[in-house]
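Please go over the structures that come below.
One chain, chain A, links the two complexes that follow: it is found with chain B in the first and with chain C in the second.
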Partner chain A sequence: MSISPRVLNRRRSRTGTGRAKDGGLAFWLVIPSVAVLTLVIAFPVISSIIRSLFGDGIGEVPFVGLDNYAQALWGYNADDFWASTGVTYLFTAVTIVLETLIGLGMALVANRAFRGRGLIRASVLVPWAVPTAVAAVLWKWAFDPQGIINSLLGTDIIWTGSSVPSMIAIIVADTWKTAPFVALLVLAGLQVIPEEVYEAAKIDGASAWKRFVFITLPLVKPALLVAVLFRMLDALRMYDLPEIMTNGANGTATLSVLVVQSTLSQLKPGYGGALSTLTFLLIFVTAYLFVRLLGVNAVEQAGGRKGKKQ
Partner chain B sequence: MTIQTAAQTTRPGVRSSRDAARMRRGIPWGSIGTYVLLAAITFFCLAPFYWMFVTSLKGSNEIFDNSLWPINPTLDNYAAVFGAQNTFVFALRNSAIIASCVTVIALFFGVTAAYAIARLEFRGKNVVLGLFLATSMFPGVAILTPLFQLFADLGWINTYQAMIIPDISFALPLGVYILVSFFRAMPWELEAAALVDGCTRGQAFRRIILPLAVPGVFTTAILVFISAWNEFMIANAMSQTPAAQPVTVAIAQFTGISQYDKPYGTQMAAGVIVTIPLIIIVLIFQRRIVSGLTAGGVK
Partner chain C sequence: MHSKKRLAVTASTAAALLIGLTGCGGAPDQASDDGIGPITFASGKDLTGAMPQLIDMWNEAHPDQEVTFLELSASPDDQRTSFVQDFQAKSGNYDVIWGDVVWTSEFAAHGWLEELDPEKVASPDILPAAVESAKYDGKIWAAPFMTNAGLLYYRSDLIDAPPTTWEELQAGCEIAAANNMDCYAGQFAQYEGLTVNVAEVINSAGGSFLSEDGKSVTVDSPEAREGLQHLVDMFENGDINASGITYQEQESANAFLDGKVMFLRNWPYVYTAASEEGSAIAGKFGTAVLPGLDGTGISSLGGINLGVSAFSKNKETAKAWVEWMQSEEAQRVLVSVMNQASVRSDLYTDPELVEVSPYLPTLQESLESANPRPRTPNYNAVSLAIQENAYAALQGTASVDEAITQMAADLEQAIQ
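Let's look at the complex of A and B:
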């Protein structure tokens, strides 16, 4: 491990203050990762933003300013963009509500069951471990007109043939895949609530419902909000399920599907760059509002020792 | 390492006191209800996977009969997966190479950064941690477009590096995020003792912390490996010939036993083949995986 002379000097000059020593070492420990992330994230994102200011076509592309953004937001392609935005947020809202409710329910049951916890942990990990692409294929066939879902329901619905059934199929697949993951995070939150709290409440005559509302929910809230934040970031960039199950047809093209289609299928990197920048801004603003309004402190949860805010 | 059974995983002290409380109450209707719900959860999680397994064993005549077990079980679909028109062996090899490289690179850079963030004091620490968290917010599509252009210009489409490099963008932040909480959980006295014994900070990290962090690093490696193994979007764009595709892309593009078949059974068999190793890993290391997944989520 090499330490530059400058850092060595600083160490000598401030002997006794551990902070300066740490600073030099920390710099050399952190900088490679920052450099790698700059290379694989910052560089592509910035070049995408620059590219989005240029037109599409063969040969030399003209500078068009914000035309690509105008085209997406209120121009020729506005319908597609807003339809994708709408369906992305619809998927996000519906799957998060379903997954939070199911995940919370699963976690509460798992937390009560003492003999079956190993079994439940193992089975909860199965949907999480199945690759999303495989889950998509699995549910695509389950929702086939001749498939198991129609057979169980006694229906003849062509699930991936029209808008609402397609969305239902994708939402079911996503809920199966990730509700167990939410359950896992919430269960970890439940397990740190001491049993004595419940016993004290019981002695004071609190009903099971009251114990849930006044003890469980407030104490599990931080774990739950972090789970919801993770899920939200994932759902807003959903790609695998709609791409494989419906190929983005029938109004199921999420923003990620739309970006990939514009860039790779239609070969419009300028317009695609504008779309991906808009997608990123939407996700960033949504996450920011969520964190601000609900007070999730992901940095603190991750172990950053920040002074307590608020 | 053994698979933990249900009985082993509960804390004995807690269990006995709660069971005693339950016995005093007479017939444990509440706990019977709990176990019914428990069965329902297990069903919810496992039934679709069971269905995938059952379908993979059905012949092409029976595949849409929707019976809950195969009447004439056959391995035809598995033979088709490895048959001439599907290059699934290549896909398995590609996935293994890509996911391994991503894991090694992400951990190589992630371990040192996570150590610094977790255990050293330096200015801008929260900025750095915030940076890592913010990168996990990036939609993959934001980097896909420009990297595709770049790799196309370099002639890198259908190469491993074209999939490994973009994967680092989610693997490294994920690795750092999990490792930070593992490093934080280690006793603070470790470095203090090493410093008293005359180690520098760097030596304390290499000789004391790193060897002790092996279990946490291993858990992180499993989680990063699984996330890279399961990646689809980037690979779908960057690999366009069967020989270059990883399993996730290959499965989505499978053809059937014959050209005119729907590739239902083949895709299910391939899905089982891809998922079984993951499920074995998950069962063996379930405690570690759960601790890694929930790290940071709970304090």
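Let's look at the complex of A and C:
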């Protein structure tokens, strides 16, 4: 996403003949990528959509048109589907807010010059480096009724045994896991803000808070929005944490959990295909709206600035 | 920099694809017309390390029909996914598969398994309940290899005799309360273990889920309600600790091993851990058949059936191998080295084996009345319908009546 504007900028600066040559070569260089992408992305997506138009069962499967979609959207499984959609968006909204705030805080700390900064930067990244499945098992233990969370809080909550506590447990685990990712992207954004801007503001007598609100935030916004976009795409297909921590019980079955349950566990590739197509559409529309409302601007800004620097 | 990286990614993806492609075509074709020749046995992870011993025994005697051991994941779900993928590709890479008893119907219904001769793999020596689990549509589709049933572990230092009914169990709960212990633990998290436990109480009360042929739903009955009510009551009055709703096998076993609970429903494997030196309850516990509504209860049947792939190229060898795995010679290794329950009834009274595993006679008694879980090609959907609704009742978010009514509706949907 951040590549194309830069490439465009570079192209603009070339002469006409150079551009043509470049284009011809680029075409051939891109062919393998396009072929591989078609093979590994377009083919599965299209075959899953086609499969979703057929029924499930043993032997020859009948063509059922959009029945699988109807079953999910307003048929027998509508309750499950909409409950999953609801909880998926709930997880997405809450974790993004928490992760953005915490990640921004972490990045601001890590961006300061102080002794042991390298250590802080490295240790902040540890949760991100832990495989999600492993993190899920760790948090499952921590949230055990006899686990460390209850003994630290002095409570007796059965975290993975009822609805709201289960959701809190999953949100905590996800935030712990991916706030560092946001921090990393935001830190990259912070580092390209030139020191002179702050110095000028200081000379003009701007307070630390004002410098943050009027310099840091606007200049880091593009990076922040990209981080939020990535997190949104990721959170909307959350699978490992609910699958491992609650097995999808207590209303924590996200859309991905539902897809895997239908397709793999129950061997209903038709219905599962319909579910995954619906999930894909939901994510696509959400991301599209996000980019339309906020993101395009962000990409242009980020690209423009990088272009000038070159 | 970016484009370089991308190129590298493309190149490595292409390389990976190439490797994958050559890997598919590389297997030598060793099929022979008579169906005799080397075979591959795909099994779940062998946690005991004894499987190679069994395979060596066979290979020494049959050098021209060597069995190759292919160890899959330890997770049953992953094993099943591997098998299903192999079957769907009709590759025949796995000649013999090791499958949980509840998969036999599904695999057979899809035409993925070779029908086996009942005279050879379902002889009278084999426990009838295990044979039932290998049946689908009146035919035998797999060779029972390992079996399993639930046992009631109880604290023999606190009560004189184990309870045989739920009422007697209730009396034991008072003793547990007097000793500051929880009364009962089982597997009540929402997963396959919950299906096992719920099936046990519903079967023990005289209820069932599906008809014999698996084609109609029978759960909407007063008996099923009474069975589920028993568990709900125990949660409500605290006989099962509230945290019991998160227990899988290991958590429930730990509660018993730590001396925190009076009665435990679990598989025979807990016996070894409980009697080990250093165990807090060594010498203070006993095993019994599960209690029921009026008289002893009915356990769910666990275990492993060996199936011959319909796509195997050496089916005769594969069939001979699964028959040999049932032989007394092989089953003795299963009991004494792998510490698993045999499908041969004569081994339960063998004095040598009983000395090592004193729970064997109790287990045999439990196995005699054990019930396979609902047999249907749509087992996973059926199990999920049971889990979700029973779980809601145990949590108290649905009444027993609502849960059973909804379970019946969901089961109707699941078996379609």
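The rule is simple: the second predicted complex is superposed on the first by the 272 of 310 C-alpha atoms of A that agree within 3 Å, B and C clash if a C-alpha of one lies under 4 Å from a C-alpha of the other, contacts with A are read in each partner's own complex, and residues count from 1 in each chain.
We adopt the following convention: a residue touches a chain if its C-beta (ideal position, glycine included) is under 8 Å from a C-beta of that chain, and two chains touch if they have at least 3 such contacts.
All values derive from a computational prediction rather than experimental measurement.
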Sticking to the clash and touch definitions up top, decide whether chain B and chain C on chain A clash or fit.
clash
So which one touches more of the residues on chain A, chain B or chain C?
B
Touching A:Val36 in the superposition: chain B (first), chain C (second), both, neither?
both
Please work out whether A:Val124 is in contact with chain B alone, chain C alone, both, or neither, and reply first, second, both or neither.
first
In the superposed arrangement, does A:Asn247 touch chain B (first), chain C (second), both or neither?
second
Kindly classify A:Ile158 by the partners it touches after superposition: chain B alone (first), chain C alone (second), both, or neither?
second
Report for A:Val134: first if it touches chain B alone, second if chain C alone, otherwise both or neither.
first
Using the touch definition from the top, say if A:Ile58 reaches chain B (first), chain C (second), both or neither.
second
Touch test for A:Tyr76: chain B only (first), chain C only (second), both, or neither?
second
Let me test your reading of the model: by the given contact rule, A:Thr88 touches which partner, first (chain B), second (chain C), both or neither?
neither
Let me test your reading of the model: by the given contact rule, A:Leu264 touches which partner, first (chain B), second (chain C), both or neither?
both
To test your reading of the overlay: chain B has the stretches 8-16, 152-160, 188-196 or 278-286, and exactly one clashes with chain C. Name it.
152-160
Chain B and chain C contact sites that coincide on chain A, given as residue numbers:
29, 32-33, 36, 40, 144, 146, 264
For the chain A and chain B complex, residues of the former touching the latter
1, 18-19, 21-23, 25-27, 29-30, 32-34, 36-37, 40-41, 44-45, 47-48, 51, 102, 106, 109-110, 112-139, 141-142, 144, 146-148, 151-152, 176, 179-181, 183-185, 188-189, 192, 195, 222-223, 226-227, 230, 233, 236-237, 239-240, 243-244, 255-256, 259-260, 263-264, 269, 272-273, 275-277, 279-280, 283-284, 287, 298-304, 306
List of chain B residues in touch with chain A within their complex:
4-10, 14-15, 18-19, 30-31, 34-35, 37-38, 41-42, 44-46, 48-49, 51-52, 55, 64, 66, 105, 109-110, 112-113, 115-118, 120-123, 125-126, 128-133, 135-150, 165-166, 168-169, 172-173, 176-177, 180-181, 184, 201-202, 205, 226, 229-230, 232-233, 236-237, 247-249, 251-252, 264, 267-268, 271, 274-275, 278-279, 281-283, 286, 289-290, 293-294, 296-299
For chain A, which residues count as touching chain C in their complex?
3, 29, 32-33, 36, 39-40, 58-59, 76, 144-146, 158-162, 246-250, 261, 264-268
Given the complex, residues on chain C that touch chain A span 2-3, 6-7, 10, 13-14, 17, 77, 81, 84, 106, 109-111, 189-191, 242-243, 245-246, 251, 377-378, 380-381, 384, 388, 391, 395, 413
